[in-house]
Structure formats: C-alpha cells, structure tokens
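Which chain is which? They are A, B, C, D, E and F, in the order written, and residues in each are numbered from 1.
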Amino acid sequence: MAAATEEQTAESVSALSTTVIGASGYTGGELLRLLSGHPNFEVAQATSREYANKTVGSVHPNLRGTGLRFSEPDDLDSVDVLFAATPHGVSMEHVDEFKESADTVVDLSADFRLETEAEYDEWYDGHVCPEYLDEAVYALPEIFREELPGAELIAAGGCNATATILGLYPLFDAGILSGSEQIVVDVKVGSSEGGASPSKASSHVERSGIVRPYAPTGHRHEAEIEAILDTSVSFTAHAVDMVRGASATSHVFPDSPVSKGDLWKAYRSCYEEEPFVRLVAGGSGVYRYPEPKAVAGTNNAEVGFELDPSNKRVVVFSAIDNLMKGSAGQAVHAANVALGFEETAGLEFQGLHPVGSP
Amino acid sequence: MAAATEEQTAESVSALSTTVIGASGYTGGELLRLLSGHPNFEVAQATSREYANKTVGSVHPNLRGTGLRFSEPDDLDSVDVLFAATPHGVSMEHVDEFKESADTVVDLSADFRLETEAEYDEWYDGHVCPEYLDEAVYALPEIFREELPGAELIAAGGCNATATILGLYPLFDAGILSGSEQIVVDVKVGSSEGGASPSKASSHVERSGIVRPYAPTGHRHEAEIEAILDTSVSFTAHAVDMVRGASATSHVFPDSPVSKGDLWKAYRSCYEEEPFVRLVAGGSGVYRYPEPKAVAGTNNAEVGFELDPSNKRVVVFSAIDNLMKGSAGQAVHAANVALGFEETAGLEFQGLHPVGSP
Amino acid sequence: MAAATEEQTAESVSALSTTVIGASGYTGGELLRLLSGHPNFEVAQATSREYANKTVGSVHPNLRGTGLRFSEPDDLDSVDVLFAATPHGVSMEHVDEFKESADTVVDLSADFRLETEAEYDEWYDGHVCPEYLDEAVYALPEIFREELPGAELIAAGGCNATATILGLYPLFDAGILSGSEQIVVDVKVGSSEGGASPSKASSHVERSGIVRPYAPTGHRHEAEIEAILDTSVSFTAHAVDMVRGASATSHVFPDSPVSKGDLWKAYRSCYEEEPFVRLVAGGSGVYRYPEPKAVAGTNNAEVGFELDPSNKRVVVFSAIDNLMKGSAGQAVHAANVALGFEETAGLEFQGLHPVGSP
Amino acid sequence: MAAATEEQTAESVSALSTTVIGASGYTGGELLRLLSGHPNFEVAQATSREYANKTVGSVHPNLRGTGLRFSEPDDLDSVDVLFAATPHGVSMEHVDEFKESADTVVDLSADFRLETEAEYDEWYDGHVCPEYLDEAVYALPEIFREELPGAELIAAGGCNATATILGLYPLFDAGILSGSEQIVVDVKVGSSEGGASPSKASSHVERSGIVRPYAPTGHRHEAEIEAILDTSVSFTAHAVDMVRGASATSHVFPDSPVSKGDLWKAYRSCYEEEPFVRLVAGGSGVYRYPEPKAVAGTNNAEVGFELDPSNKRVVVFSAIDNLMKGSAGQAVHAANVALGFEETAGLEFQGLHPVGSP
Amino acid sequence: MAECVECGADVPLHDDLESGEIIDCATCGVELEVIDVNPPVLDRAPELEEDWGE
Amino acid sequence: MAECVECGADVPLHDDLESGEIIDCATCGVELEVIDVNPPVLDRAPELEEDWGE
C-alpha cells in the first residue's frame, strides 16, 4: 500500500463532509462503506425516510460498528459533497436543494446522464430540470477524466451501460469499429441491480437459479451507450443467479479483418494505465476471461476479448460489480478525480478468492 | 393422465429390455430414471467401470429404491434397445458390439450426429467408423420425426445445439431467415453439462455464482447447428450458476421486416402440435419468456421471441433441461417415435413450481 | 410402474372432484400439480383472490399446459374433496363453508393440528371453532394411518414438525427414548417455507447464501412435536440457501446405552414397509445421510442416524421436501389413505439426480 | 480510517519479509491478499509445487495486479515471518526448515494446535515432532492474547473450533457453564473449508443446494474445543450451500437459571473491547443474529444468543468467515499481536452489504 | 443518555426526543420506545411478530 | 526480458531459464514455452484443450 503518503497529506487537509441521500438502499449503503473508509471524506448525514433515527447498522450489517443514524432527507445540513442514490426522478425534483446544501453533487440515478431533454423523454418520463443536463458530467473517468476536475454536478453511469461501454470503447477509439456495424450486446446481471424494494419476481424463491430474459429489447441503458459511443446497439439483458455483478458480452463484426495483435494494441492503449481496468483475455487456469465474481466488491472492471476467425466476429467480455464500478465506486472514483484526490483513494479493496456469489 | 389406455396396451405387449452404457454418469442416470418409469421399457443392464457391482442407488440417490446394480461394460447381454451415454469417442469404438447386442442403438454422444467424416474431423478428432454417419438419424423429433420410425442408430443431439435449433428452426421454416444473415447465439449453461468427472473449474467453490465465458468461440455444437439449419452462427457459451439448464438467446436480423404476427405464425405452425414445446413470449407474471428452471426435470422446451422495432432485430429465447430435452429425454422421445410407442411415454413429468435451481 | 392396474380400476370408478383453496400459493400450486396427475382426483376449482380469472399457468409455469383458471374463494362449487392451502387462521373462519361444499376437507394450515383450544391459544392467536379440534385427524400416515380411513377433516402436519417427528418417532416407539430426556432439534429450511408473499428478508439479495437463525427458540411447530411425541424439545430453526427442503438434526441422549444394531432395529421396524420413508445411514458415495436435495420434488422422507460412542449421543437426521412430504404430498397421501386409494397414487415421482437446489 | 499514523510509522520502520507456504491454496491465497495490503509485512516468497513459476494471479484472480510468482517450497529464502498453509502433517515434517528460515512461524494446520502427543494421536495420525507442541501458542487472541507477544511458533485455530469457542467462551468465563453440562454444537459450513483439491462430493453439481451431514460425530475440531474450554461437546457438522462461512449453533443448559441480563453481561465483559467480535442478539431488521454472510471477507466474528425460558436452554450463535477469522485472518491477527503491531493492521475490511454468498 | 433495557448498554439520545418515538440500541439492536422524555424512559418496543408463514 | 507472442507485453525472465519451461505472461496470462534460451525465444505453449464434456 503505497497510499500512505497521500493518505496522510489528505488527512492533514482535513476530510470533506458528505451527505448520502438514499443511504438505506443498496448503492447508498455502498457509498457509506466507501466514504467511511476514505481518507478524504467523512459522512455527515445519511438519509432514509423509512429508517430515520435508526442506526445504519440495523440496515447494513457490515456497518454495525459505526454509531451513525439515518436522518430524514428533507432536513439537509450544509456539506462539501452530496451523493444522491435515489430512484430516477427523485434527484431532478431536488437538485436545487442538493446544490444549495453542497458544493459538489454526485447523482447515481439516470436523471443527469443524458445530454438532451429529448433523449430523456424518449427513454424515461419527462424531465423537470433539463437545464442541468448540459452542465452535468458523466462520471466514467476512463472516458471523461478530462472533464471531471471542478465539475459540480456529476452523473454516475448506469451499471449495464458502464460494462458495455468499457468493453466496446477501445474498438471505437482504435477505429476498429466506426458506429455503422451490427453490435449485439447480451448482458447478465445480478439481483442487486433491482434495488432494495421487495417484489414477487425478486423473491429468493422465484429468482434462484434463473436465466431470465428481463429486458429482451428496449433497455434504458441503450440510451447512454448509444450517446457515448455514437452507435446503435442491439441490447438484451438476462437476470442470473448472483447478487452483485454485471457481465456484458458484445458480439461485433468489424468491416476490416483484425488480428489478435490489433485487439491487444487497442485495449492496451486505452487501459494499460487505468487503475481500475484489468485486461483478461485467454491465459490459463480457471479464470480466463472477465467474470463478475473476480471483481465483486471492488471498483475493478475486467475487460477481454476473443477472435472468431471463421466469421470475422470479435467477442468482447466485460465484467463489473454493479454496485461498485457500476455505481457507488464509479461515483467515488469520479469524485476523487473531480476534487483532485488520489484516484484510488477509498477504492483499494482487491476482492476475494475464493469467493462464492458475492 | 389420459395415458392409462396406452400404458396398459403397452404393458400387455411386454416391455422391451434395455442396456444403458455409462449409467453412472449424469445422462446415464437420467436414462435409468426415465426407463424405469416407462411403460414400454425395462432396464436389464446398467454399466459402469468404476462402480461395477454397486447398487445404482449408491451413485444416484433418487434411484435408491431399485435393486439394480452396475455391471461392467465389456459384458453385454442381448437386449432390444441399447442407450450409450459415454463421452464422445467411446461409442464409435464399440458401435459394432452395441449393434450386435441390441436391435436399436441410441447414442447420446457426438459420435454419430454429423453427416460426414470431414465435418467430424473438423470439429472433433478423427472418426473410426465413418460408415455409420450416414445411417444414423439425428434424434430431435420436432425436425426428424419422419426419419425416426425404424431407425437402428439414433444420435441424440447436443444440448446447446438442441436449444439453439429449436429456437431458430421456425424462422428458417417460415422463410424469415434464409441462412445468409448474421446470427448471434449467446448461450448460458448449467454445471451438469460438464459430466460427472471432477475438476478444479467445476468445483463448487470456483463455479458458484459465476458468469464465465467458457466457449467464447469455436464451440463444437456449432457443427450440428450449422449442419441442420444450413447457416453459419456466431456462437458463444457462458457457464452460469445452475446445475440443469441450457438457455439460448439468438439475435437475428431478417432481411425483410417482420411483425409480431409473422413470428407467432411461424412458431405456432411449427410447434402448436408438439407435445414437448411450449411457446412463451410475453404474457404476465414472473415467467414471461423461456427459462430453464420452468422446464427443469422435464422434457419440455420453452421457446419464445421478442421484436426490437428499432433495428429489425428478432431476439429468440429457448430453454431446456440439458439432461432431458438436451440428451436423455430427447433420446427416449426419439426411441418412442422410432419404436412406435406413445411419444410422451415415460416423459410425463411436468416440472415443479416453486423450484430453486434444479 | 406397476400401478397400471390400480390406475385403471381407479379411472373406471371415475375421479373425485376437488377444490383447492389458496391455489396461487406454493403448497396450493403443488396440490394442483399432484391432483392433476392423480388417477383418482380431478381439479374442479382452484381459488385465488389476487389472480381470479387468470390461468393457473400464469402463476405456476409448470402448469402452463392446463386450461384451468383461478376463481374467487367465496364462490365454492360442490365437490368431493376440498384442500385448503391458506395461511393459518383462514380455514377456521371458513371451515363450515368448506365442509358444506365437500365431503372431505384436508387443511394444510396449523388450524386443526392441535388437540385442544388451550394448546392453540398458547402457540397461536385464539381459535374460532375449537369444536373441530377433536374431530380432525393429523395427516401423517406413518403414525396415524389407522385413524385416517373415513376421516372428514384432516390436518396436514407442519413441515418442520413432520421432519422432526419422522426422525424421532422410532426412538420413542422402541422405548429408546421415554420423553424425559434432553432433545435438541436443529432444523435447516428452504425459502419456500415462507410462502409466496414477498418481504425484505425473503428477497433474493438478502436471502442468498445465508445461514440465518430465524427461530432461535419458540418455533410454533414445537407444539405439534411435543403433542405427538409426548416430550418437550429444544428447537431451533435456521434458514439456508435452498428453495425446497427441511432438514432436522436431532441430538438425543438415551438413558441406557444403545448399539447401532438397536437403532437399525428400531428404524427398520417402523419404516421398512413405509412407501415414503427411506433409511439412509452411512453407506458409501456422496450421499451417506439424509439430505433434502435427494428427496426434492418427491413425497419421500429420508431418515438416518449416527451414534456418538464418546458420549452416548444419537444424532438423527431427517430430510423432506417441505412442499411435499411437509405439506401438499402429505395431504394427498393422507387423502389416499382416508379415501381408500392406492397410497402412492399421484405421488410416484422419484426425484432427480443430478440436481442443484430444487 | 484512523490507521494512517500507525501505517506511516510502520512503513518507516520498514516491513517484515514473509514467506507463505501453500500459497496456491485457499488460506494461502488469503494470506497473500492480507499480507500484501498490510503495512508491516511484505511477501517475499509464495510457494506452490503445482504452479511454480506462474504468477499468483493465474490462480487467485483478485491478485492479478501483483507481479509475484510462485516458487518451489523446497527452496526457502531467509525471511522474518513464515506462514504455512498446508494440509495437516506437512508442517510438522518441515518445521525445522521453517524455523531455520524465519524467526516467527505461524502454522494454519492442526499440527501444533493440541498440547500433547496423546491428544494428537487420538484425533490425527501420529506426530513427528511432539517436542514443539508445548512451545506452540494457539493463535486466537481473544483467549490467548497474553501468551502471543514474542511467540515463535503460533498455531492458528481450526475454523469450526474457532466459531464454537468464541460462542461458548463467555459462558465459561462468567461461570454460567462449568464443563459438566450437556453441550450440543451444530455447525454449518461452506465449501471452501474443504481446500482446493477437487473431488466428486465437492463438485458444483453435487454440492449445490445441500444440507449435508458431513461429520455426524467425531469431527477433529472437537479436540481443540474440548482442550481449550475444558469440557466435552456433542459436535455435528453440516455442509451447506455457501463458499465462505462457518456458523456454530450451540445449545447449552446451565445448571442455574440465567437471565438475558446475565448473558449480556457475560458476553459484553468478554468482547466489548474486542476489535473483531460483534455482539448480535435480537434487534430489528433482517440481520438479528449472527450470520456468516454478514462477516464474509472480514476478520470479524459475530456472536449472539437467545434464551429459551421454557426449558432453561441458552442457544448461542456464532458466525465467522472460515478463511479469515477461521484461519488466515486469525493468523495475521495473532502475528500482529505477537510482533507488537496494531492489532487490526491489514484486517480493516468491513465486508459488504448487500452480498450474496461470498 | 439512557440505559438499554435489553443489554444494559448506554443509548445516546438526541435533543428533540419525543414520547412514542422508536430508536434502536446500537449495542444489541433492540427497538426501544420512548415512554417518557423528562427524564427519558425507554422500554422494548412492541414487536411485529414476523411470521415465516409455515 | 522477452516479448509475449500473444499480447506484445514485456515478459520478465528469471536467470536460470531452461528450454521447455512454461511461464505465463503477466499481462495476458497466456502460457508461454521457452523455445530457446540464448537469446530467449518464447512461443505459445501447446494447450490441453479443456473439454466441458458435452
């Protein structure tokens, strides 16, 4: 852990105070965990309507040690940074309050991910403050690192969008894809993607052991993917039996033939220096391609590929933890970049092996 | 159960004797279960080298009631029908013995699924008795029902191939696809596909909670799919956390626009009368598209589809139990057709709800 | 399947009509499955308030084939037999209607399991028709076979109680236990025990991968166990990651030393002739003691034991499928006995191997 | 994270070099993870016979970042501390080499846990260097904290023993139990307890969804429990469907009546100051008693209890991660104490929520 | 500050405590109802018995 | 130091390299066989095709 020097520096300039809105939810709980282990942040407020006044440990057993209690979301303290982890539609209703109570607002919902009101309307239900769409910066630092420093409104990406974009981006960057090709994206996701409200389909009984097409077509994350990569995609999502994890398999057909060497070059040139992207493509042993369980609990993305010589197909695999790289981790990473902290601060956990289905 | 009349008739003509080769394996165990509950068959011999002389219940706990014991495979009795459930390469070495000891041979391996020696060599390792390739009938009754009656050598299909073929076949049959289109097949499979030999990758520890690309390209079942549908496919298989089940999601792009009505017509025309195919496409509740757990333990295939208006994509879902419709059940179904029995005899189990991950 | 003769006889006397109350629930769905495959019953009505008029297949995907639709529970036809699969408290409110509409009523709830109003009040919330408590016969045929024929009100046992009683009964029957000894019962159960209503604790996210003490003390099934075995028990239940299954491990300390031979004698004398009890105690291979997954989907109970020489402890294991032997299967078995049908009619399914977590 | 000051201090006195023997195994992999994130240690050598020369990331995907490669175990460098994570029987063969190459040896196997040769012979197979049994200190700091500083041979406890001992210890410490009472311990464990060698029983297919009695009586960890608590226990272990985790439910019957207050006093007095023990007994929400998944990946133990007024039983629950508090974490914790480091150094990870089956 | 009736630990109380309010003890997690505020009196909150439906 | 034939990354080589030895590339993980030692030449190691048995 070479981080000691930065950490110490960080502590000497004293930690920034933060509020987490929606702290009783899944991504909100992850934010609490990450921020309370982060040298540059400290949690001042964690809101929940349902659990107000109860300890955060009563909802998130891993946080039992801390004395922190939930408070009502309509009673916000002044803080340095506010993270909102609420269902889409909530942040846009409250963004003015949020911005008043904090210098930097990081939103985990879809409310500020798209660039135009028209796009939002097409995929969601009508935007109440489209004037912020332009200001907001999409969080993903691998692509938007230059735009983040100083940003005051940051929109963390969607989990499936993040997985897909990280897999495909190097092919566009290297000119292997131009945007006119057929792209099929077949995604497999865990149950924590659905958030903390119970339903029949998400009960243990009905959701165990499944391979369930839950978004055969028309998944809303297509909007983000198409906006960022400037291409259309054929997107299908399946729910499978894991809790954390999103795995995107993209099948693409470049117009000109590519070699394994071309692919390695494209991916290494984008990601070799990235602290949170690991290239996994072939090799030996049990873990030869990206898998969600190899990154569970971490902010890492695994990205890899294989070449199908018979028909010029490239298959791209990418795997993330939807609650980390796919939301809370990406949000903290982006906040680190925006505020000038060490990029990996608070995000050092490397994951477990062996591990079941985290 | 309207089957009583047939059953009774069947019993009065006395059951056919059968041998199961490889009866200690997964598909072999399923054959034992199916045949011992079948009105027209009775199990005379169940072979295993490793467990010879032990009761079948010592390996398959669901068969504890029966007194049957394994015998060595090199000591075959004369029977009416022989089922071989051995790894590929074994049946072709022994097919002459098999045919000598039984009038009808049903092989569950890949040894007799392809039509030419060249195809076999391309995907496998060299064939020792290519002269039987032409004689052998591919089992899948939904497609080869006419060729099965009287067949003496039947090759049950591969599980992933079966799932894929059942999903795509109606599109070819209706002329919606011609064979020149791009077809992406993204398959998710359970651990019983790997057979009963332990390995590091298939241990509970390493295989729990996974979405693991295990055949990114070049899966051998492509050979069967391409041979039967006369098209090439871009095929990728993922291992997921279930024991039984194969689920194929096929993304296809017809040259001419199709409507939902066209699709329903194509699928109903192929499968409406099929006893083992259920069309599941939309609807309400938790189970709206095909899922392996809805067919686990049964010989049913669920087939469904969705239309992506934005880009003319049709997404086809098909789900089977790899050990049933994907091997042992298909084998018994084909034997029923070949020998003139009630098609559903021995295959009436309808599956469970609720059910976890069978 | 030697059952053909009985089946045929049965069909010639025409099947009894049945109503299932609470047919959209888990045990209700199992009743539908069992009764529709049963030669002596046919389902006339399946009630649900929430899903009235929808097909039963929209809730239970394994029953998609049948055309049956749910109806409202307040509009009951006259039938031969009524099965009630509702939460406790419902049947006692409606038992007069039930008895009016059917000659035989089989209730799966706790409403008529205990013998006295006082016992019910102690463990539940006050009984509205205690006059039926005496009339009702506890279903478990292994113990109450003699009392079932002709019974008009039958109370199927609790799942955990059934597992525990089946394990301990032979020790009492053989005089190895007298009722004054310390008995610790440590139970592990699957998620389908909780019924079909969703809750936070039973969501896939929160309930996956758990070993969760959900009834550390004071579980209501103690009442049944203590009433039937005439002993007190120290009972604790844990929720574990399976959907179907209840496994009871009973640790007992006989006053006088016992041998393995004594134990085998006790268990064989009770269960050797029982069609649904399998003794599994030691042996070889993977499955050496009772396990829920070896009986999943079946009406079988596995019962076994081990002797701890060091301290005179006998450990008794028993495993059932909570939805079968633990409720719907036991109910059908008891109805078979009560109505003079073949005991195993409709209950022939032997379970699967391999199988994941059914 | 208040640890920054210590960490910095630690780094300035330069980290101790360590060797991990058996580093390709499960506990060995955890040691590598913990030591490489530890401010006072750095990994000099990681041995494996099977994977010598390969990167540790090829076996442990979470360690892909590091460049470290396995080396042969017969070629040991001189280091400060050696951790041995090999099957029992290996360390005692090599302990002289180990002690020669390192000042402090921490062994994770059972070889040095017991105090006398006789005990070892009774439960294991004969000891080759009984002279070290007396010198070795049992690691568990909650009980042996005073004996650890300066220890040169430390024996990390067995996972099931650790869970059991942590649960029962306060009852002995407070005099609620004396050692003459009946104690039933019913343990549920995950698949990683079995180590990394594949076998039929531990395959995903056979081990999924199970509640399997794997040690009905006579489990070797009884030896440790009985030695440390000075009592005999009736111990039974079940394998359940999780990868990490050991959960011990102890049913005890104190001679004199106790109150909830007595119990809280006993447990708080032992554990209130302990950094790695959390009392969880009742409360609200989903997580009311100790559960393995609430501590998975961490060095925490959850301990709790419930009182059964009806029969004077106390039920004690304790839950740990077998690879952490049950082995590698306990080993590092003990090394921290032995060497005078911050107790929690390298062990700060608080676990995840939500989490599946880690 | 008040004492938890379940486990005896100190329970910190916030300023605008109201009678009838429910808080959970950070040590044992039990839900406590504020019976009185001046001086503060806590008691175990009546619990909704969670039934697993068997 | 040699170049991985699969991904082009640098592969550090240890001193007593022997012909026939198998090492894995730390970047792409591929198994490389030492074909020659002086100068070092690596090639993809022949792979045991892992068959999932279908």
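Keep in mind that, in the parts below, a contact is a pair of C-beta atoms (placed from the backbone, for glycine too) under 8 Å apart; a residue touches a chain by one contact, two chains touch by 3 or more.
Note that the coordinates shown come from a computational prediction; the quantities given were computed from them, not determined experimentally.
Minimum number of contact steps separating chain B from chain E: 2. Counting the residue numbers used at the interface between chain C and chain D, over half appear in both copies, so the two copies meet with largely the same residues.
Chain centres here are means of the Cα atoms, and by that rule the chain farthest away from chain F is E.
Seen from the Cα centre of chain D, the chain whose own Cα centre is farthest off is B. Chain pairs B-C and B-D differ in how many C-beta pairs are in contact, and the one with more is B-C.
With centres set at the average Cα position, the gap from chain A to chain E is 37 Å. One finds 60 Å separating the Cα centroids of chain C and chain F.
A separation of 39 Å divides the Cα centre of chain B from that of chain F.
For this pair, chain E with chain F, the centres built from the Cα atoms lie 64 Å apart. Those residues of chain A in touch with two or more other chains are numbered 26, 54, 58, 191-192, 196, 200, 205, 208-209, 242-243, 280, 283-285, 287-288, 291, 354-358.
Among the residues of chain F, those touching two or more other chains are numbered 24, 29. Residue ranges on chain A touching chain D, taken from their complex, read 1, 4-5, 7-8, 11, 26, 29-30, 33, 37-39, 54, 58-65, 190-192, 196, 242-244, 278, 280, 283-285, 287, 291, 294, 296-298, 323, 348-358.
Contact residues of chain D toward chain C in the complex are 182, 184, 186, 188, 200-201, 205-206, 208-213, 216-218, 232, 234, 236, 238, 240-243, 245, 247, 249, 251, 253, 286-293, 306-311, 313, 315, 317, 319, 354-358.
Those residues of chain E lying in contact with chain D across their complex are 6-9, 24-25, 27-31, 47. Residue ranges of chain C in contact with chain A, taken from their complex: 26, 191-192, 194, 196, 198-200, 202-205, 207-209, 241, 243, 356-357.
Across the complex, chain A meets chain E through its residues 53-55, 57-58, 67, 69.
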